[in-house]
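Heads up, there are several structures right after this.
Each of the two complexes below includes chain A, the first together with chain B, the second together with chain C.
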Partner chain A sequence: MSVLPYRLVLSPRLAVPRWLRAATLVGGIAFGLICCAIFLIAFGVPAGDLANQFILYVFGNSAGLDQTLTRAISLTLVALSVALCLRIRFWNIGVEGQLWMGAIGATAVSFYHIGPWFLRMPLMIGAAAIGGAVWCGIAAVAKIRLRADEVITTLLLNYVAYLFAQDLLYGRWRNPTDQFPVSPTFPRYEQLPTFGGWHLHYGVFIALAATAFCWWLCRYSRFGLLSQAVAENRTASRALGIPVARITLTTACLAGAVSGLAGFSIVSGEEHKLTQFVGNDYIFPSIAIAYLGRANPVGVFIAAIAVAGLYTAGDSLKAFYQLPDTVVVTMEAFLLMTVAAFDVFIRYRIGLLRSQPKAIRAKAVPPAEARGTGA
Partner chain B sequence: MNGFLADWAGAVPVFAAPFLLATTGLIINERAGVMNLGAEGIMAMGAVSAVIAMLSGSGLVAAILCACAAAVAITLLFALLAVVLRLEQVLSGLVIFAFGVGLSGVLGDSYANQPIKALGPVAPRIFAGLPHWLGRILDQDPLTYFAFVLPVLVWWVLERTELGLRLRAVGEDAPAADAAGVNVMRMRIGAVLSGGLVLGLAGAHLSLVGSQVWVNGMVSGRGWIAVALVTFSRWNTLRAIGAALLFGAVQAVIPLILSSGLNVPIYLIQMLPYVATIVVLGASGIGRTSLSAQPEDLARPFLREERR
Partner chain C sequence: MKRLSLLASVFGLAGCFALAPQARAQVKLDGPPKIAFVYLGAISDGGWTGAQNRARLVMQKTFHEHIPYVENIPEQTEKVEQTVELFLNRGYNVIIGGTYGYGDAFAAEAKKHPHVAFINMGGVTTAPNLESPYPKTFQGWYLAGYAAGSVTKSKVIGMIEGFPIPSVLWDINAYALGAKAANPGTVAKVAFVNSWSDPVKEGQLSNAMIEQGADVIATDMDSPAAIVQAEKAGKYSIGYQNDMSADAPNGILTSVVFYWDKMLVPMVEKLKAGTWTSAGDSLYGLKDGMIELTMPVRHVSPAVQTKIDDIKAAMIAGKFDPFTGPMKAQNGTVEVPEGKVITTDQLWSMKYLVDNVQGSIK
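Take a look at the complex of A and B:
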């Protein structure tokens, strides 16, 4: 780096003032949105229409708000799942697979008519939670017992769950009446009720309850305190007698269960059957939301609504400008990239140093004869 | 059955080559202490750029160069986040993964599902005298040949040259390397960019040789499998050849089974590579010594001013 006249110097910060944290987050989001705007303009969206797309269609009319809030339910749940795991530094990249397993579990209860009709809904919820918990638990056990990196195992389990669902939809569970790859439609008592006339359904209460539970768990429970210790230093926690393996496994199973609930809320509240599109595109949004919400359950809830708005905007962009689906993921990547990059201001004090020490020394220590004549 | 085996054996190198290239690129990264989880996205960028170049009328060489350029461009972003800004490497990798997959989908939208003229075998005549099955295995395209030569070259550079020694020192103990006068940041950026270049080649192989078309999401987890193969081959590019051949064989058998007309559950068969990867990754952790080849400072950002 000596070719450059200045050198970037990062020095770690010990204490971070509150205003700096807030300013960094706001700055990161603002810069990310500017990047997104430039990106969209480059792909042919007129600059003047951007404000319309983002504000009017997303929050300005009831159809947009309805779509945004409905999407926010599943996004909140999957992001809570990632956030819970992040708190013990366990990377859960497998929410999509856990969501699929949850949806499959719930649909299985419906398909095989397990339990009387009035117990059907709780059984579906339980099956969804177990399906998700098992799927995430596999990765946790592999990490604890076999030291297999959970990033890779959770991610690959997404594909396995997706293909398992396809196998069911094209095989045993295929709708017998029209041969479409969807399961039979759930009867009324297996569907989450909606708010009169809206698509928004009672899954909102599941999302709120999960947020409240996670908030209590992280903030007030003994478990939350212990997991904080595990996050800081696994070796030291083990030396202190904290059951690190048990905490890892419990957290992973809880997180998987929460993702599974997202699967339940989609099949029971939105689709009313298992379809091929239940678990599309949740991996990266869940990580982005968890990070934007600073792995704090309440923050996650707020971030989920904001990102859900991004999807609503993306839908109208798709309709008006024929942009592909992946435009939303790209925008999320921009946002997360800038927010994460701005975090450097929180962690380090940044300075520029002249990288030509020779020149500096020449100024600081004048030659001997010059000094001599001066005196 | 001889026909089936010959078909299978002949297809293995083509399926193994992208794994081999990607694993080799990732090993270059990881030996310098940088874990790049963005492989999937970088490969997608390589694949789409090659197809766009082909469909825009440039030649095969230009297409491959385009793939490398696109891959290096997006890898530069990763280097900025993970090496210069010292962000958590897992997070940086995931961002690049999403960015590459998303951007490749947007860029390739109007080029999707259009077949291109493929990169074919170079010299079928030479192998005419050999037994049928051996001819099928040896008769490949230039990119596949290169994929099998590169790991040997990389192994030689890493293990037998001073550059390799410096690179490995940065990956094993960055503070010590720094104290010995190695510029850690420059070495890591160099390793990340050359790894990204090779990942771009892997992507180009997927679209130019493998599918001969761009389909959104066509990398379908191969980048992630390659990340696991790095552990499986114990950070050694020569072992990566064996690992890639194994996974190439698994991947190559799928289309053969599907087209054989046997009554098998097709979706469960497609799980094979993913399940095999998880099994292999778990098996790598069983022995006491098997993970000891992991670079000591893997995924640990280095900052001279920071106490460790």
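Take a look at the complex of A and C:
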């Protein structure tokens, strides 16, 4: 067919060296950032300002770093939640709902003055974790018992949790001073302390602990090993006597608890009250970060900081170049697409073949792949 | 810092003018004023944010400088503080915010940055370097209510409101009292959307009021949705914040329009001269030109127009206040006794609806 002297040939790789995995990830991100830069320049951002906007004001000075890290706390937690579930091929599209339930749980402890003041914070953390765990657990039980698709159940439970929060904020928990739909402000002992004059709060320790725990769980625990089997083949695992249902439920509850902690970190560390905006816009970033971090807890942590940086940069682009909010989402999508596209280098060896009609080597390659991308 | 914001909001709401003397110190900016705006909504909302943006454009023209803005910043402490710091980080030292719900975040930032001037339009929190100005919207609404009262045939008029906070309650109360003055026995229905902008709900509530017999619909919201519905139903309407006559060309009587620049331009001039002091939760009225009614009022007789002009002149001269006693709340309590005029403290702690309003705060 081809009249060109060479053609591109993709052949599947059997073993993938570690450096290649890392290199494709870095390459994908770099290529994505270049795409973002071209896109922003096309939108009228001067090329010379880009380095400032993306590096200096995001990581290079204390205000930018503060914003980026503060934002990374909740992003890390929700993305860990998605990543944990991804490891057993359980699609958790419900982090917002779990986050709302966590925030509601923590606020309930504060609102009803449960426990003495010095126990209040641990109780809030516990309530948040339970709230999130129950919410994701419902979807897992529905999957195990009723074979309900978790994509649908987790997604729809988001709305239930959001509406429940709205109901509380417009009803029982409404601020009595001005009838505003926010809960009363938490007293100081219910607020996570901050670092000096920064916004960055002790929630960062929760994010670090959760990352470390998930990493240990996935990598070193028996549970992590069994979940790997479940991910590969549920039926075979069941046949081998692996408790598939129990692993699914435990993973879902753990993941839900981690999302719930994100809710706690926001209400206790940032807003100091429950507001209508606590759980907004977490679904897409959580999936994007889990994917960018390859569902690996440490990877997720790094990716969360990177995406948080993107948000910080987006904020200043919005303020100083009047770019719309959607620009950030578009940039995130660019990164996700390029990273996904670069996967082709991991899966396939790419070679150039001399396309001579009678070459014997051409036959050695299965025709389906050989025709993959005819140059 | 958070403790302070909590205190500030509590005291601000209670109308604590005890703070005012402390708020008199002049603010020393660390350089010439560099202004930035933070908006709640989109500048294209045709209402609240649109009106604030008009002021920004006037200021750009007056001071011959580019004034940046950010739109769509929700009433979420963390988000507001981050946005404010974004500007501070680049040397901006006059931060102008645009909604009640920014109050706590602005108070916290004002405490952290004493050499920056903060102005929160529509807020209530104050600090030595934070002023929360608001127009005396009740003056405009009294006149608009007078116009509504003189055209209503069913003696039922309606108003769509955001949240039942004092600066919103005085709008509906003034509107109802104005209507009563023009046409005794008129009742004003009120409905709260529990949002500053929810066009769908605003339209639905407007329709519901028309079904219940209201023949004048006023909106106290960020969007013209309510009066668009009134126009469709062939009823009279009253716009808010901007001249909304384009949204209801046939039925509109007038609009209660904001001119924030009338207060912001002098304020920046004082900042430039180094003589600005925060006036706390300040009120600017018809006299300052910050609130206006689009004139002439449509669909009213020349006699009513003259009467409206007279009341307006009396308010500007300080001879008349819409909240003059006897003023009774829905439950019969006398809020302002005979011969008395409401005080500023009483205004800021208004938590009732007057006796010819139908509706509930809850």
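Points to keep in mind about this one:
In this text, the second predicted complex is superposed on the first by the 337 of 375 C-alpha atoms of A that agree within 3 Å, B and C clash if a C-alpha of one lies under 4 Å from a C-alpha of the other, contacts with A are read in each partner's own complex, and residues count from 1 in each chain.
As a working rule, a contact is a pair of C-beta atoms (placed from the backbone, for glycine too) under 8 Å apart; a residue touches a chain by one contact, two chains touch by 3 or more.
Please read all numbers here as calculations on a predicted model, not as lab measurements.
More residues of chain A are touched by B (comparison of chain B with chain C).
By the touch criterion defined above, A:134 reaches neither chain B nor chain C. When the shared chain is aligned, chain C comes close enough to touch A:178, but chain B does not. Judged by the touch definition given at the top, the superposed model places A:64 against chain C, while chain B stays out of reach. Of the two partner chains, chain B is the only one touched by A:148; chain C is not. Legend: residue contacts after superposition of the two complexes on their common chain; A:325 is shown touching both chain B and chain C.
Of the two partner chains placed by superposition, chain B and chain C are both touched by A:170.
The contact surfaces that chain B and chain C form on chain A in the two complexes overlap at residues 170, 325. Across the complex, chain A meets chain C through its residues 57, 61, 63-64, 67, 70, 170, 177-181, 185, 188, 191, 197, 199, 266, 270-272, 275, 277, 315-316, 318-320, 325. Interface of chain A with chain B (complex): residues 1, 8-12, 43, 91, 93, 142, 145-149, 151-153, 155-157, 159-160, 163-164, 166-167, 170-171, 284, 287-288, 291, 323-334, 336-337, 340-341, 343-344, 347-348. By the touch criterion given at the top, residues 37, 77, 80-81, 84-87, 90-92, 94-95, 97-99, 101-106, 109, 183, 185-186, 216, 220-221, 224-225, 227-228, 231, 265-268, 270-271, 274-275, 277-278, 281-286, 291, 303, 305-307 of chain B touch chain A in their complex.
Residues 2-3, 6, 9-10, 13, 36, 68-70, 72, 74-79, 81-83, 85-90, 100-101, 104, 112, 163-165, 194, 361 of chain C are the ones that touch chain A when the two sit in their complex.
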